[in-house]
Amino acid sequence: MNRSLITLTTDFGTRDGFVGQMKGVILAINPHCGLIDVTHDIESYAILHCALVLKGISRYFPLGTVHVAVVDPGVGTNRRGVALRAGGQVYVGPDNGLFTLVLGSEVEWQMRHIENSDYMLPDPHPTFHGRDVFAPVAAHLSLGKSFESLGAHVIDPVVLSIPQIRHTQRGIEGEVIYIDRFGNLMTNIEARRLTGKIDSITVGNAQIGGLSRFFAEVPAGEPLALINSFGYLEIAVNRGDTSAQFGLGRGASVEVRWS
Amino acid sequence: MNRSLITLTTDFGTRDGFVGQMKGVILAINPHCGLIDVTHDIESYAILHCALVLKGISRYFPLGTVHVAVVDPGVGTNRRGVALRAGGQVYVGPDNGLFTLVLGSEVEWQMRHIENSDYMLPDPHPTFHGRDVFAPVAAHLSLGKSFESLGAHVIDPVVLSIPQIRHTQRGIEGEVIYIDRFGNLMTNIEARRLTGKIDSITVGNAQIGGLSRFFAEVPAGEPLALINSFGYLEIAVNRGDTSAQFGLGRGASVEVRWS
Amino acid sequence: MNRSLITLTTDFGTRDGFVGQMKGVILAINPHCGLIDVTHDIESYAILHCALVLKGISRYFPLGTVHVAVVDPGVGTNRRGVALRAGGQVYVGPDNGLFTLVLGSEVEWQMRHIENSDYMLPDPHPTFHGRDVFAPVAAHLSLGKSFESLGAHVIDPVVLSIPQIRHTQRGIEGEVIYIDRFGNLMTNIEARRLTGKIDSITVGNAQIGGLSRFFAEVPAGEPLALINSFGYLEIAVNRGDTSAQFGLGRGASVEVRWS
């Protein structure tokens, strides 16, 4: 039998020990699980950032992996804690939009409101559901405890409004939705939207002639566009920090023109 | 039987591979242990920071977990290396105050001076006891090797002097002892000290009317006070960086007035 | 039997989830392996940095450990992907010099060009061989799949040109090749090169009288020189950031004079 795996994705950083506390809670319940750090460097309170990371990782993990995601500015309010079953994986976290992209890519899913206190630590602290609710829920689920007993069905999860692309006379227009660690600009334009022959891609003052396949197709310091490993159009500079070089951030407009 | 768990808490960062070397040493001795990163982002040489993190995590881990903690500005001097058994857990690191808060919360503990070279790598490097002494000691202890054979009893461990609260005519006065990753100001005032009905909490130019339970009880950008998940009074700004907003750091005075 | 271990060393950071995706790929193939983060904070595109870290860690891990290293500015070009067997360990990554120091310290090694698509994910993305090539290769090798079947022998791996020391009339001259997390200046002068009695060590405006064994042999804020835990001459300031204090970086000259 495969051992159970639990991944962790948070905006907690590691330096305060918050994540360490969550790991202790999980291992006290299931000492044999494999604990996988995805990242604790999600930008503080950045729900879309976390949603993108979750979407990116989940298809690669073995069936049955439990993913704990905690970016939780509303902790303590009446925002729900939820567990989600989708695509053969399980997700646990606050119902604040974190699972938007997972939900958007699955036909079938089931979500439960976490209400059953048997799955939580006693007296959950109102500012740290990551430790007192989500970590123990994940650990219990990884041991095979019933998903259905968590609580009521949730049929109306919170979903983020993701910026949509616009069709223009000469092509499509999207925007930068994420900047990665290297400064590359990821747009909201999926590969499957690039149905025409590309004449040019314009972002800020830069105009790019077409798609490259990888960074080093252009000289160091030169801009390029490619389909990134998430499947989205990305603007990059070979070996450079695109965001800094162009002074562009999230929300910057990107226009693709057909020839 | 539960597998053995070893946690790591250091100020080494990860980028130089120092922590990687420690992990190799541990796994070469006990390849089956579970290795848990707590953090490697303790502020350089910040012993109190590390002591707080250790105190925070240890109660959540399964009995028998071995915690390696290395913030060690005196490495190579005659400061002792020690192992500590307290509260069903084991701690390994330099005797420089790192275990102050663990010792302060346990009635019974036993500490040993690490003297037995059977538990160390040959010829420990004078600047890296983390790798050559503490890592192998932890690995051997995780395999069940004798704690008592490490070396002599230590009955006078180094303890940090933690700032104490003062009782004033109208309440109590404490200070900020730690700033977390979000900029929240953690004070040295434990929840059990808040015995009166609170009229106001003053820190820098901010005056707060009483305790909140969680951040989102006040509008974004507004200050609040709450009992944090460590059990201490904390000053925060909902979704904001309190330390930056108020220009306050460690040592800032915090006054609680009873009504 | 020992469980198989796979280490990860990259310049990806963690916040984009790239490393999380690699972990998923590995665990989907070998769910029982132990996954060890060495670091994901290698400076972007800094091949020598990664080479130093790999050299530093590898001797400490159990025989048979598989080390995945990805700093890969040439991803997608015709630079080869390779697997290397040396010193009882296995290394997987791009053939761009990452393994220079491992190769330099082993008499016997064998390297293979990764050509066999059975070891890769289908349709590897041209910008992310870390996930689609190196991660699955490592996972398959950790399961005992044939090393020899990966592809053709590589007998001419790319090696970095490491700055060499010069012998002068009065001693030797080297340079700073790495600055660690604490700001310490690591030079290219190996301990075994220090064959004479040292009169002075000069770096920038600082002159140091001889070797210390550890940092705290000099007062806080004072410079010293020692043999670091990698076995190289290092210039440090006790409890200080040497690089910042002296305004010195990589390439700074270091002169050792014999008495």
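By written order: A, B and C. Residues from 1 in each chain.
By our rule, a residue touches a chain if its C-beta (ideal position, glycine included) is under 8 Å from a C-beta of that chain, and two chains touch if they have at least 3 such contacts.
Owing to the predicted nature of the structure, the values given are computational and were not obtained by experimental measurement.
Undergrad: How are the chains arranged in terms of who touches whom: line, ring, star, complete or other?
TA: complete
Undergrad: For the homomeric pair chain A and chain C, should the interface be classed as same or different, according to whether the shared residue numbers exceed half of all numbers used?
TA: Counting shared over all numbers used gives less than one half: different.
Undergrad: For chain A versus chain C, what separation do you get between their C-alpha means, in angstrom?
TA: Here chain A and chain C have centroids separated by 30 Å.
Undergrad: Scan chain B for residues touching two or more other chains and write them down.
TA: Within chain B, residues 37 contact more than one other chain.
Undergrad: Taking the touch rule as given, give the residues of chain B at its contact with chain A in the complex, in rising order.
TA: Contacts found on chain B: 2-3, 5, 7, 9, 34, 36-43, 49, 52-54, 56-62, 65, 180-182, 213-217, 226, 228-229, 239.
Undergrad: Under the definition above, what is the set of chain A residues touching chain B in their complex?
TA: Its residues touching chain B are 12-21, 23-25, 27-28, 31-32, 35, 37, 44-45, 73-77, 125-128, 131.
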